[in-house]
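Several structures are given next for inspection.
The following pair of complexes shares a single chain, subunit A, combined with subunit B in the former and subunit C in the latter.
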Partner chain A sequence: MASIDGALLDFMHLDRLAAGDTALHRLDPRAKLLATFVFIVSVVSFGRYELSALVPFFIFPTVLIGAGDLPVRYIAWKIALLCPFALVVGLFNPVFDTTVLVQLGPLGISGGWISCASIVVRAALTVGAAIVLVAVTGFPAICRAMEQLGMPTAFAVQLLFLYRYIFVLTEEGVRASRAREMRSFGQKGYGMSSYGSLLGTLLLRTWMRAERIHMAMLARGSTGAFQTRQEFRFGAPELLFLIGWCALFATLRSHNAAQQLGALVTGWFQ
Partner chain B sequence: MHMADALLSPAVGGGMWAASAGTIAYCSARVSRDLDDRKVPLMGVLGAFLFAAQMINFSIPATGSSGHLGGGLLLAILLGPCAAFLTIASVLVVQALFFADGGLLALGCNIFNMGFFPAFVVFPLFYKKLIGLDPSRARLTTVTMISALIGLQLGPFAVVLETLASGLSSLPFSTFVLLMQPIHLAIGAVEGVVTVAVVSFVHQARPEILRAAVEAGPVGNYPMRNVALAFLLGAVLTAGVVSGFASKDPDGLEWAIARVTGNRDLKAPQSVLHGALALFQQKTAMLPEYDYRKSTAERATYGPKAVQRKQGEGINPGTSIAGIVGSLLTLLLTFLGGTVLKKRIKAA
Partner chain C sequence: MSHHIVAVKNLRHVYPDGTVALRDVSFRITHGESVAIIGANGAGKSTALLHLNGYLSPTSGEIRIGDFPVNKGTLPQIRRTVGMVFQDPDDQLFMPTVYDDVAFGPLNLGLAGADLKQCVADALERVGAGQLAKKAPYHLSGGEKKRVAIATVLSMSPDILVMDEPTNGLDPYARRQLIGLLKDFRHTRIFTSHDLDMVLELCDRTIVLKDGEVRADGLTREIFLDEAMLAECRLEKPLSMQGCPVCGRRV
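Presenting the complex of A and B:
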């Protein structure tokens, strides 16, 4: 992460998008979570040389961005900062897989390039789906949905606590980091000794904060059980949403829509 | 290194999700049963600390690059195995959702690679056994460095195995390992140094924190029967379900043999003993080539050579041009549709 301020602002921006008020935002989070999972599994289940069959799947993030009134440039930029690991590994494919699979006139495209492109498209689709899910649902709602779908309560509590305190602790981290920056000169001051004491102090303050939180919980009568407010209902719109998208994914998985469209269009010109 | 959805197959992703979910369930039950409910806010806040700490860099001397804390080992040292696993898992969930680090399906792999190994392998088997109750500075440094190095070899090795099992990458095993492991040796050294710095700071300021985790009861108290049943269930699931997705491509050894000799299998030497044993094996094998016994006629239509013939048909150039045109058109239509939808929502 380039700078802690930038990362924090980015985090808060995505979080704030979830507070939007469109019909999509008002759907029960379970429907959106399940639809996203079916989407990801469908995309990932394609063979390594499938490329055109993956393209129609862009309809899911695009429709959700449209229906959720999300900022396109922001989401596209986030997708562009893809997990580099997949791309680096994918870039080795053309090196090791050189059998030519497609002949476009004089140009022979090897299987390695096709599988590399397939990996890039997959990455864009899966990453896009995850970001859009958070942008239209929000983290606490996703945790509640996962809990209703069977996640253990202790883990749900952990996630909600973490989410609550990320904002507090990253701001402390920003202050500590800025203090170090102001006391440094060029590369001096960024070494291990200052880093160790920076993190160590942050850690000890965190530990003492945890003890204060625990005492505050006891003072308010906490018995260890956690109540979360139920805001959503899984009704007819949610069922329609889920079944509609799953049916579309199943169809797109079994039929290469892009291929068929292309064949239709090239057929007109022949 | 975070594993990515783009390199995963559903079988591997689903399997690792099951493993991670099972471990989360186990750890949640353990943590709920824990009498010390001070741990609940502590886990949450330490997770947030880890999140913040991963955003702060330090410069690595002589390389001009910077590094940051990974944190799995540090959490295990501070919290003990189960609580640390849940905390690491929660941080990874937030990273996957907000920073798209990896992906939602790869979350199972990442939680296992970066949570299970530090918390349940490195901490109980190496750190706890070697550290003692009041370690000297030298001992603290050595044991933490060793633990960090081991932990950061196991995780990436698991990533290599998962990527190869998924079959989307063409990297051969040896090259992949030679790329990943040395890099992570360096990363492990950095992680070790950072963890030592933070742990020794804490040891000087509040040593009772470190002592608490090390003194906590032995971790390996799982009844053997449950562990064995879990493995049996896993084996049955893998054999029955996951094997359906098994790749027909040659495995590493067959691939290497094919490269060297041009044939998938080695020809057995033509001696009497070999011949007799081969005949015996053929007659008694219940599931030759991991498949049901087929008559010769069946084998001609459905056998591996027939499949290879179908696969070897290659891709028709007519279909590929149609595919490219269709893909471009589909993309155009999709984006147009999205824009129209957005305008309608805005106007409404």
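Presenting the complex of A and C:
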């Protein structure tokens, strides 16, 4: 997915997944948003050397992928794409932090390696949860949920417009860039300067489009307030979903489930 | 039913950069008429249309929609009466889903609940797009976008339908479908277009603009027979009125 074109199609794919019709899709977006938020906070709040306690948290994205009938490989690939960035963040930890924390026979594992791994696992968890949230809810519904939860309307409207027009803008950008490329015959063209004017043109075009959109809004009686219909209700299933997950996160946060399971298993064999 | 009348009197519009887009335009369109406003690029068609729902205000002259003059106080009423479909459906469809988009106007008019649902369903059904309700605008084809854009306006039950270049960019099938749809409407209809064959099919009356003035106003068939005037206005006869391209014979 190196090209902008490809990234755009990919984005649309995520959008199509959100159109699914499972019990999870039908849940009020606020419940999913809040649960994801609590999940991310729980994961991020662990100490830097924590690794084993993070592993049980994979249950959240896994269950959601299953319940939402999402394509596992696609989501896994999306998460894998972002892992190198997390790796870059933690890359120097092993160099600076050489205190040996774990001794596996002759092999001493330093704190740096553990914190680096912890960063990667955390990134996979949080990014995974966010991708799954978008795939089972859809971006516009998330915006609305944030608005209902107290985000200023202006931000919500801006986000909605950003999402609606990112496709149009990207297509325009791709067309302009293709036109430039076709006439530069594999050379640099005018180099950076041609990109400067290209961006300028895009900005002006966006501006004009914004004016036309405003016109279309006025023509349909818009007074500036953004009316949206209410299609979800925060009922018992939502409450159950939210409380259930939050309780699990709290338990996993306070008890190292992986370690306890390990202790249990080793206990049996003693 | 005087509220379906569009009366434009000595309309003049000068853009802030000094371009005189309309010099002196007058016409009167009555209830149920289907009228085309045609002319070369830059003749002032779009500028004229934008005055009809008060998006642009005249430098001088007057516009009346039914009993109301177009001014700040009457704008909400005017915009409810005059439904405007813009040229690029991407400008018209700004909400996340087709349903939300069609519901945008009625919501602003205060509709809610079952009424709103019914109103949106009716408008979508009218343009044959009922199955698209849940889709996002960027997942639609050009023809679908255009039909949905019309539904967004129909949902406000306007008396007058104004459309800028309705068949622009559509494939022959989608164009044919749209023409069939527009033929069935009983609203007062005002179109601008370069698709003169469509004009011939849909409009009994045509107004020709040239350099910001009305050059001709009359029955469409008669206007299209005046070749000298058409050439002067950088137009030509619709293809269906021209001779056979092979033998030159006219049917």
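Assume the second predicted complex is superposed on the first by the 260 of 270 C-alpha atoms of A that agree within 3 Å, B and C clash if a C-alpha of one lies under 4 Å from a C-alpha of the other, contacts with A are read in each partner's own complex, and residues count from 1 in each chain.
Assume a contact is a pair of C-beta atoms (placed from the backbone, for glycine too) under 8 Å apart; a residue touches a chain by one contact, two chains touch by 3 or more.
Just so it is clear, the model here is predicted, and its values are computed rather than measured.
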Room on subunit A for both subunit B and subunit C (clash or fit): fit
Touched partner set for A:P140, first subunit B, second subunit C, both or neither: second
Partner chain in contact with A:R209 - subunit B first, subunit C second, else both or neither: both
Partner chain(s) touched by A:M217 [first = subunit B, second = subunit C, both, neither]: both
Subunit B versus subunit C as contact partner of A:G66, first or second or both or neither: first
First (subunit B), second (subunit C), both or neither touched by A:P106: neither
Touched partner set for A:F161, first subunit B, second subunit C, both or neither: both
Of subunit C and subunit B, partner touching more subunit A residues: B
Subunit B versus subunit C as contact partner of A:P152, first or second or both or neither: first
Smallest separation in angstrom, by C-alpha atoms, between subunit B and subunit C in the superposition: 10
Subunit A positions touched by subunit B in one structure and by subunit C in the second: 15, 139, 160-161, 163-165, 168, 209, 213, 217
List of subunit A residues in touch with subunit B within their complex: 1, 3-4, 7-8, 11, 14-15, 22, 36-37, 40-41, 43-45, 48, 51-52, 55-56, 58-59, 62-63, 65-67, 69, 72, 78-79, 82-83, 85-86, 89-90, 92-93, 95-97, 101-104, 112, 115, 118-120, 122-123, 126-127, 129-131, 133-134, 139, 142, 151-155, 157-166, 168-170, 172-173, 176-177, 187, 190-204, 206-207, 209-211, 213-214, 217, 224, 256-266
Partner subunit A, residues of subunit C touching it in the complex: 50, 53, 55, 76, 79-80, 82-84, 86, 88, 90-92, 94-97, 100, 103-105, 107-109, 112, 116, 134, 136-139, 152-153, 156
Parts of subunit B lying in touch with subunit A, wherever the complex brings them together: 1-10, 13-14, 24-25, 27-29, 31-32, 37-38, 40-49, 51-59, 61, 66, 68-69, 86-87, 89-91, 93-94, 96-105, 163, 167-172, 175-176, 193-194, 197-198, 200-202, 205-206, 209, 314-315, 317, 319-327, 329-331, 334-335, 337-342, 345-346
Subunit A to subunit C touching residues, read off their complex: 12, 15-16, 19, 138-140, 160-161, 163-165, 167-168, 209, 212-213, 215-223, 227-229
